[in-house]
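Both of the next two complexes hold chain A, though its partner changes from chain B to chain C.
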Partner chain A sequence: MDIIITGLLLSGTYALIAMGLNLQYGVARIMNLANGEMLVVGGFAAFILFTGGGVSPLLTLFLVAPVAFFLNWLIYRIMLRPLVNRAKSRGALEQDAILTTFGLSFVMVGLMIWGFGGDYFNYSFLSRPIVIFGDNFGLNRVVAFVCAVALCAALYLWLNHSRAGMAIRAVAVSPESARLVGIDVPKLSARAFALGGAVTAVGGVIISTFLTLDASIGVLFTMKALIIVIMGGVGDVRGTIIAALILGVGETLVATFIDPGLTLAAAYAMFILILLFRPQGLFGRRPT
Partner chain B sequence: MTPNYGKELSAGAVLLIIAALLPFASDGYMLSIGVSIAMYTVLATSWALFSGPTHYISLATAAFFGVGTYVTGAGIDLLPYWVLLPLAALVGGVLAAVVGLATLRLSGVYFVIFTLGLAEMIRQCVTWFQNQQGHKGTYVLTDLTEAHIYWQLVGLAALVYLIGWLIQHSRLGFALRIIGDDEQVAAHSGINTSLSKVALFIVSGAVAAVVGAIIAPRYVYIEPAIAFNPMLSFQVVIMALLGGTGRLWGPLVGVIPFTFLWEVISASFPNQTTLLLGLSFLIIVYLLPKGFVGLLQKIRAKTGGFA
Partner chain C sequence: MKRRTALKLATALAAMSIAGASFAEGTITFGAVGPKTGPLAGGAVVTHFPNIQLWKEEVNARGGLNVGGEMMMIEVIEYDDQTNPAETIKAVTRLATQDNADFILAPYSTGLNLAAAPIFDRLGYPQITSTATTDQAEALHAQFDNIFFTLGTNSDIVGDAVKILSDLRDAGEIGNRIAMVNVADAFGIELAAAAKPAFLAAGFELVYETSYPLGTPDLSPIMKAAKAAEPDAFVAWSYPPDTFGLTEQAIIEELDVKVFYTAVATAFPAFGDRFGAAAEGIMGIGGVNTASPEFQDYAARHLEVTGQAPDYWASGMMYATLQIYEQAIEATGTLDREVITQYIKDNAFETVMGTIDFDENNNNNEFWTVGQWQDGEFKGLASTGREGAVEPILKSGWE
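Showing the complex of A and B:
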């Protein structure tokens, strides 16, 4: 039981990160391999503000979100827009975007190592035990879970029940038709990318409260987010949440019963199963 | 085209002999650079064999390389060295087949994502397995010298060029070029697209594994962090793209300048290697999207002659 709950608590944050990536890939059509680095940047910000100024990570969220939004918007406008314009097809864009963001991820890792060194960093925030169903859990994990769930819910409601959210979903479904009904696709793509980056960075702040990070760990989170997005189906919020649950719980099971060093291998095993049996995602329809 | 075959092959043979003479000219620093160049040439060329025509970016070189390294590491005390190289090719090929069959039937993105984490996943598994056995790394003690390693790599390079040349002039190469141009068209004209892609990916993976197996004695002591260094996949992609994947000799043109550049970077800015590597990668993607080969073709087109 305690393993299930630990996995559940972890999956909340995973769902949030995957939603960030889903916005970038599903709407802006950018397969962002530097997604995990943005997460680590968020975690770094929380770490520095907490150890340097005693600022609670929960407050840092409100600072990191707009900064990351702006930063990602700049990345999209400066680096990715030219690729979108020069791409002849979606496949060509995908390839260019993968190469560029892959390079970007190394630049970001390089900057972080240069600036802060390659050491592990963590800080002790709300590391008090809390009892749920008779077992002890870290309060920080519970708070992180609550934050992540609240943000996911807010994002979900906004996407499904607001005008802007509807426009974003329209672009996700079909950029060509979205243009016909008067949606400014380039502008919205930039915003969706920026929003996705902001969500990821916020996820990084949250995750830094209970996990130890280092400058080059980003790629692991990129992998996990990608696996969740694919498992859940691109652009499918419900699928993303369930996939995050499966990954979080599955990973915790493997970490507990076999070895904590095998979490990525566990995620990979699930990835292979999905690719073999349901490549369109858990709830996706088979392409005709 | 037929009359050129002999010329192409003999030119290649002459270059190969010249390359093989290096250990007689120098045995210190230059030879060690030579080993690096030969290693990256084989890796980048075999990478480009698959990724060039198909446009599928494989980020798994380190995974195959590491697997090859471990074949030597685990087998050196049990089997004669010369058995290990084909064994590494076999293991690398099987791994590539599994990855290819799982992902290449689907869109390219799945493939890229899968290869991105493959090295890390295998590293985790190897580390776990070694911990179960109670040790951290393996010693590879042989009496192979740097020159031996160099010659093996040059020989392997020759083999890769030959394979690449044969593929280019075969039905498979033709099919792959069509797949690269338009996969739909390829499928409609009766090409088994997944099978062609998987076949080439197997070649590419097997070669990278053999390189790992050849290099292993040079490390003497191997552990997962060395064998599955993700930086390797990245460097190989950079070099191949810098040279250009449109021609068989393209990656070589990227490998040579980049190896020297890399020597300078890692000697002068040891703390900024990752950053500089990332930046040079971005410069290549934006300014030289088709590499030196593409640049050369552009210049030729402008001058209108065969400059």
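Showing the complex of A and C:
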């Protein structure tokens, strides 16, 4: 039982890491390699407000989300819109976006080091045990899991049961046809990218309560997010959740029953298996 | 048109750099290379770079170094090696050939220092390391004549940890059962490989033993398994993110051990800040004589100039290597690298860490090995000849 719960808690973390990238890649078609840095920025904000002003990270969320939304909207409008406009095909856009956001990730690392130094940062928030079914778990991880569930549920409901959500899904499926039915694709893409960035930054705020971060650690999160998004299928919230679950529970099982040294290997093995047998991802559509 | 503008710019830049070079007369150029990004950046910005800033500001504030009667100011050129050995080597080469650095400070960490040893040797620069621990000092010295080691050997670091645990057990304070984990990285693997036979030879029983990859996001399965093995002592040959992660998990699991040992970063001020009272009694790699006036004075200056406190292990040693340069340059009155290197080999130096006198293998034999958080400071418990060691205390709970 405790293995399942540990695995579920880890899955929550993974969902937080990957959900934003899924929106950015799935809808705005930007493979954002600066995703991990945005997450670290969120964590930084939580750290500064908590150590400086004693602000609970759970309150910081509500500040970080709109700021990150606006910031990412600006990034999209200034840096990425020109790429979208000049791209002749989806492949060309992906290539340009990967290079641009790769560069952006260095810029962000540089800015963070310049502004805050490269020191490790972490703080103690709800870092006390909570007993579930007779086993101890970190309260901060449990809170993070609850946040992840709430965030995923809200995104899922919004995407599937609201008009704006439907329009976003339409853009994800086919930007060309979406335009034909009167959807303002450029505007929605910008919003989806901004929303994805906001979700990632919020994930960073929550994750910073139990992980030690530093200015240049973002790439590790980007890698994990990439694996999860590609495993789950691009542009589908359910896929990301399922992939996060598989990875979280799988890694915990391997760590407990085989060897903690093999968790990374296990994660990549699952990734390869899914790529081999379902290259479009668990919930992805076959390319037409 | 564009090309012409670029050409003009390039010419202007070249002119400026020539002008810059002529201004540089009367300065001593120190090259510095270390990780400002990448996995080890978090350690380098605590231990490595702030000391360079501190030393440069202090020396320049008093008018520079006296080189044979001429006061020369210190200029530092810093490069980020991204925690990538290839970049370290590139940066060292660049510092020597393009920046014409008079001296190049040794890079950060064991791995990057070993990677850079051949290039320091080939370019003819002394390499006075302060953040490298190795058992290969003798072999390395045979190969590279101008490499110096100050921070100690892995075998002593492991040996003293084993000895402290043995003493506690022989005194009846702790039992025989040890849980030992390590990060699957050169550092963790090497220390765990040295520690295992040493613990077994000392009569301990390893009830749990495992390794985990660097950057593991969830260490709770490890701590759960360690707890289930009911150890008397928990020992982790860990790196910074997991040093924090393992300690946090131990608190959450309420791991009931009398000795809790984590490796790199336990000596960081951030560790004490993060865990507060729960840090009391945690042992780790390193330590200093926190009661020494020299160290206290150094720590106060470090805090004042750089805005952050030094760590309780290699920070002081890093500053000590700069003091060695300072004393060698002023005593010889030259910037000739061969003369300076020979002087460093032949003489003893008074530093914030005490006297440093290199042996015939350019190895400093007196260094701290184990420390422990006591009353909000990480105090040295064991060393190979340094003064000021305190008695270990047992870990009692996490409150």
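Definition applied: the second predicted complex is superposed on the first by the 266 of 288 C-alpha atoms of A that agree within 3 Å, B and C clash if a C-alpha of one lies under 4 Å from a C-alpha of the other, contacts with A are read in each partner's own complex, and residues count from 1 in each chain.
The rule is short, and it goes like this: a residue touches a chain if its C-beta (ideal position, glycine included) is under 8 Å from a C-beta of that chain, and two chains touch if they have at least 3 such contacts.
Remember, it's a predicted structure, so these values are computed and weren't measured experimentally.
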Message: Quick check on the chain A-based superposition: chain B and chain C, clash or fit?
response: clash
Query: Between chain B (first) and chain C (second), which, if any, makes contact with A:I48: first, second, both or neither?
result: neither
Message: Once chain A of both complexes is superposed, is A:V109 in touch with chain B (first), chain C (second), both, or neither?
response: both
Field: First, second, both or neither for A:N122, with chain B first and chain C second
entry: second
Task: Classify the contacts of A:V67 with the two partner chains as first (chain B alone), second (chain C alone), both, or neither.
output: neither
Message: For A:F210 in the superposed arrangement: first (chain B), second (chain C), both or neither?
response: second
Message: For A:L8 in the superposed arrangement: first (chain B), second (chain C), both or neither?
response: neither
- request: Using the touch definition from the top, say if A:F271 reaches chain B (first), chain C (second), both or neither.
  value: first
Message: For A:L58, using the defined touch cut-off, is the partner it touches chain B, chain C, both, or neither? Pick first, second, both or neither.
response: neither
Task: Once the structures are superposed on A, label A:I230 by its partner contacts, choosing first (chain B), second (chain C), both or neither.
output: first
Task: Just name the clashing stretch of chain C against chain B, choosing from 61-69, 79-87, 331-339 or 367-375.
output: 79-87
Message: Identify the residues of chain A that lie in both the chain B contact region and the chain C contact region.
response: 109, 113, 216, 220, 259, 261, 263-264
Field: Touch list for chain C against partner chain A, complex
entry: 35-39, 41-42, 44-46, 181, 184, 210-213, 215-218, 220-222, 224-225, 240-241, 244-245, 248-249, 251-254, 265, 268, 270, 274-276, 308
Task: Spell out the part of chain A that touches chain B in their complex, as residue ranges.
output: 31, 33, 79, 82, 91, 94-96, 98-100, 102-111, 113-114, 216, 219-220, 222-223, 226-227, 230, 258-259, 261-265, 268, 271-272, 275-276, 279
Query: Across the complex, what residues on chain B touch chain A?
result: 55, 57, 59, 102-103, 105-106, 108-110, 112-114, 116-117, 120-121, 124-125, 127-128, 131, 230, 234, 237, 241, 271-279, 281-282, 285-286
Query: Given the complex with chain C, which residues does chain A contribute to the contact?
result: 2-3, 6, 9-10, 13, 109, 113, 117-124, 127-129, 135-138, 141, 210-212, 214-217, 220, 224, 251-252, 255-256, 259-261, 263-264
